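Same chain, two partners: chain A is paired with chain B first, then with chain C.
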Partner chain A sequence: MEQLFQTIYSGILYGSVYGLMALGLTLIWGSLRMLNLAHGSLYLVGGYLAWTIIDQLHLPLVLAFLLAVAGAALVGLIMQVVLINPLLGKPGWDNASLIATVGASIVLESAALLIYGPQVKQMPTVVEGQFKIGTVLISNQALLVIATAVLFLILMSLFLRISRHGLAIRAISQDMDAARLAGVPARTAFLIVMCISAALAGLAGVLLSSIFYLAPTSGFVPMVKALVVTIFGGLGSVKGTIWAAYTIGLLEAALQVYLGASWALPGLFLFMIVMLTVRPNGLFGLGEARRL
Partner chain B sequence: MIQDQRLSQQEATATLPRLQRSAIPWANPNWLVIGVVVVLALLLPWVTLRLAGGRFITHLIITFFVWGIVTQCWNLIMGVSGIYSFGQMALYAVGGWTTGILALHFGWNPLISIWLAPIAAAIAALIIGLPTLRLRGVYVVLLTLAFHELLRNYVVNGPTIISGGGYGLRDVPKLGFDQFGGGWEILLYYYFGLTLFGIATYAIWRILHSPIGLAFRALRDSEDYAVSRGVDRFRFKLFLFAFSAFFTGLAGGFMTHYQGAASPSLLSFGVIINLLAMIVLGGWGTFWGPIVGTAILTVLPEVLRSAEAYRNLTLGIVLALIAVLAPRGLVPLLAQAVRNLRQRLRKPEAPR
Partner chain C sequence: MLQVHDLQAGYGGSQVLHSISLHVEDGEAVVILGPNGHGKTTLLRAISGLIHPTAGRVELNGRAITRLEPEAIVAAGIIHIPQGDLLFPEMTVMENLLMGAYRSAAWRERNNKLAQVFRLFPRLAERKNQLARSLSGGERRMLALGRGLMGEARLLMIDEPSLGLAPLVIEQVYETIHEIKRTGMALLLMDENANHITGLADRVYLLEAGVLVREGTADELLGDAALLSAYLG
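Let's look at the complex of A and B:
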């Protein structure tokens, strides 16, 4: 019973943060048709900015949170303007965009290594205190993380459903040509998508590194897990992504609790391999036609 | 599968008129150039070993041979046939560990066990390829990365015979060239590496300039059209995957015995990025691209050793610049420049 409760608690925690990461990836894929391999580095940007502001500059928490997310969005904006925009509409888009994002991720990661060094950084806890349910230890920090992540997931779906820009993004991801003919400015939409995606990655960085530690290489594993989530949910599908995030989060937690921590990642990958062989279009199998 | 290919080729030549020699430039290669290159390659170590730090330079050339084989094979997968596989280092590791374990723990003669490395890698490629190659694009990236991470996890945490307690294989028997004396050892390794590199390069060149190579380029450029003209997508991809794994595994096996070790750090993401940079820098999808790229990125880090800390930063910037400014890589860029220059030189003569 306690094991089950522990699984659910960790699963929801992981799932919320993976949801944020994966939503960013899926938005980019849906609209730009680009696999953003720099997503993990944007996660790092958020984490390190927050650490710098809280631990080094001793500024208030809310400010750190906002600045870190804004900083990640800014890096995303620069990436889009400098690297991705020049490639738009050119032949060999698949190759070039993949390489460009790999390049960006190496630059960001090695910059983090040069500035902060290879030592592990630990974010100070924001809210003190913890309580016990049975033998399961629940910290207020984790609850705050879950609440923030869920809040932003809801905000994002509302944004995509209600706001003008959200509708533009969805229109573009469903049919680029038709959307442009109807007067949707594609480049502006791409820019907004990139900023939002980077901000979400940065947010995930702030939240997750307040529970775990932060190192120049720690963006890779969250990105790979986010990739698993996006593919599991069917690339480009927001609803599928959020469902998949919690499913994968619970699965990982279950593997950790019942089989041991070293099984979490290989277990996920084995699951992934089986899943892709059986259902190549993801959990919701939206295929190419219905996305977002 | 190869048998089928040969059969259909024979049928084709039986029914169709022979191609004109000028339409297949690869059928009459420039033997003079090839001969000169081979002789130079054979003589090279005698020169480099006389230089100051000659052993290190020769060692660099041997590593160039190994990574040159791997990048050429990966380019065949990524660049020529458009399969975004990130599993190449996993196949390399399968080759390296197979022969390493056989020699280290089972007492096989390395000169025999090394030939099992390519076979094991090709079998691994078939296992990875069966589920992977039915998918496309991003799904292939993720699935091959998944296999890579599974293997890395196994190599780090698996049974001691494989993981060596996290250090990988150490004190693997070498190829036994030291019995000829210290000076001969590195020379023989050089020639062994050169032979492997030469065979792999020739095989890849032959594949590229064959109906198989043509089919791959057709699949990459317009999959639907190629399929409608009767190209069996899955079989061709699986064949290419196993073919490239064969030589990659051989390279892995050679490197394991040359260095006498195989470390799990071979499977770190940095190695993949480095190889990818070699291919992209040279020009992917081209024959010369990976060779040139590997040469540049093997030599450059040694020249810039003082700037070691900035190595990755520079690599990232170079990758991003290449993607934006010359997405096709250096080799096509240079070829274009040479062609333009020739045209400009010829033009003034035209009015006469």
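Let's look at the complex of A and C:
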């Protein structure tokens, strides 16, 4: 019973943060048809900026949070303008964009290593206090992380359903020509998608590194897990991605609780292989053109 | 209002349109008749900016709009309702319509426009929360037309509104286009069947192999059965 409770608690925590990460990946895939392998590095940008502002500059928490997320969005914007825009519409887009984003991730991770060194950083506790349900220890900080992540997942779904720009982002991922004929400026839309996606990765970085440690390599594993989530949810589908994030979060937590922490990653990959064999289009099984 | 001079366009190395010149005046319904594969869709794509013409000039009220991006051409007031509908399949009817009002000026007017479109197509109002991919062929066409009407169009370009529809539905679609014309909207229509456009067209061009071979008032051209059967078969 306590194991089950622990699983649900950790699963919701992981799932909420993976949801943020994966939503960013899936938005980029949906609109640009690009797998952004620098997504984990944008996570790092958020984490390190927050750490610097809170731990070094001792600025207020809300400010740190906003600056870290805005900083990640800015890095995403620069990446899009300097790196991705010149490749748009050129032949060999699949490979070129993949290599460009790997390059960006190497640059960002090396910069983190140069600036902050290889030592592990620990974010100071923002909200004190914890309580126990049975033997399961629940910290207020983790609850704040869950609440923030869920809030932003809800805000993102509302944005994509109601607002003019959110509708346009879904529209370009479903039919580019039709979206352009409705007056959506493709390049501006790509830029907005990249900024939002980077902001979400940065947000995930702030949230998760307030619970775990932060090092120049710690963007990689969350990105891989977000990748598992997006593939499981059906690349490009928002609803599928959020469902998949919680499924994968719960699965990872269950593997950790019942089999031990070292089983989490191999277990997830095994699960993904089985999934792709049974449902190659992901959880919601939409065809290639029917996404978001 | 729309002037096209010596327009040439194509895909890759193959030229589809050879020196097309045409014009559409305010409130006028101009129809380009031609068989499939002779460049009707390419012509509309070249005017709306989806492909860039290789030569020639397009002007709207005297302002050059050749080689602008599609969003700038939409902003100028030319709305292209493409062939095959090109809906957003995973969005609802309502969301598809709202996308037609994407530009900020149109977005502010979206509730008025929605009411107009729903008056014209009561069927869309009934289905407004359904996903576009679940609609029938006729409903899809109505949604494509409705989405085009959500914008701030001064000229509506419609590509083969009858394509792939049952005869009864075709009749409804043309009745609606008549109604749109009565609002004073300028129309540029692509079609391959002269019967559909009798009573609707003011002026007609015949398109063959990427060239406009004849131009005349609807009365002149559509009355000439021998000419039409020679070109359209």
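Keep in mind that, in the parts below, the second predicted complex is superposed on the first by the 292 of 292 C-alpha atoms of A that agree within 3 Å, B and C clash if a C-alpha of one lies under 4 Å from a C-alpha of the other, contacts with A are read in each partner's own complex, and residues count from 1 in each chain.
Here is the rule we go by: a residue touches a chain if its C-beta (ideal position, glycine included) is under 8 Å from a C-beta of that chain, and two chains touch if they have at least 3 such contacts.
Since the structure is predicted, the reported quantities are computational estimates derived from the model, not experimental observations.
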Exercise for the section: Determine, under the contact definition given at the top, whether A:Pro118 touches first (chain B), second (chain C), both, or neither. Expected result: neither
Exercise for the section: Figure out whether A:Ser105 sits in contact with chain B (first) or chain C (second), or with both, or with neither. Expected result: first
Exercise for the section: Compare chain B and chain C by how many residues of chain A each one touches, and report the one with more. Expected result: B
Practice task
Please work out whether A:Asp94 is in contact with chain B alone, chain C alone, both, or neither, and reply first, second, both or neither.
Solution key: first
Handout entry: First (chain B), second (chain C), both or neither touched by A:Gly134
Key = neither
Exercise for the section: Share the list of chain A residues that count as touching for chain B in one structure and for chain C in the other. Expected result: none
Handout entry: Complex interface listing, chain A residues touching chain B
Key = 29, 35, 82-83, 86-87, 90, 92, 94-100, 102-111, 113-114, 220, 224, 227-228, 231, 235, 262, 265-266, 269-270, 272-273, 276-277, 280
Fill in the blank from the handout: chain A residues touching chain C in their complex are 161, 164, 167-168, 170-171, 174-175, 177-186, 286, 289-292
Handout entry: Of chain C, residues touching chain A in the complex
Key = 48-50, 69-71, 74-75, 79-82, 86-91, 95, 98-100, 102-104, 107, 133, 147, 151
Problem - Partner chain A, residues of chain B touching it in the complex - result: 84, 131, 134-135, 137-139, 141-143, 145-147, 149-150, 153-154, 157, 269, 273, 276, 280, 284, 309-310, 312-313, 315-324, 327-328
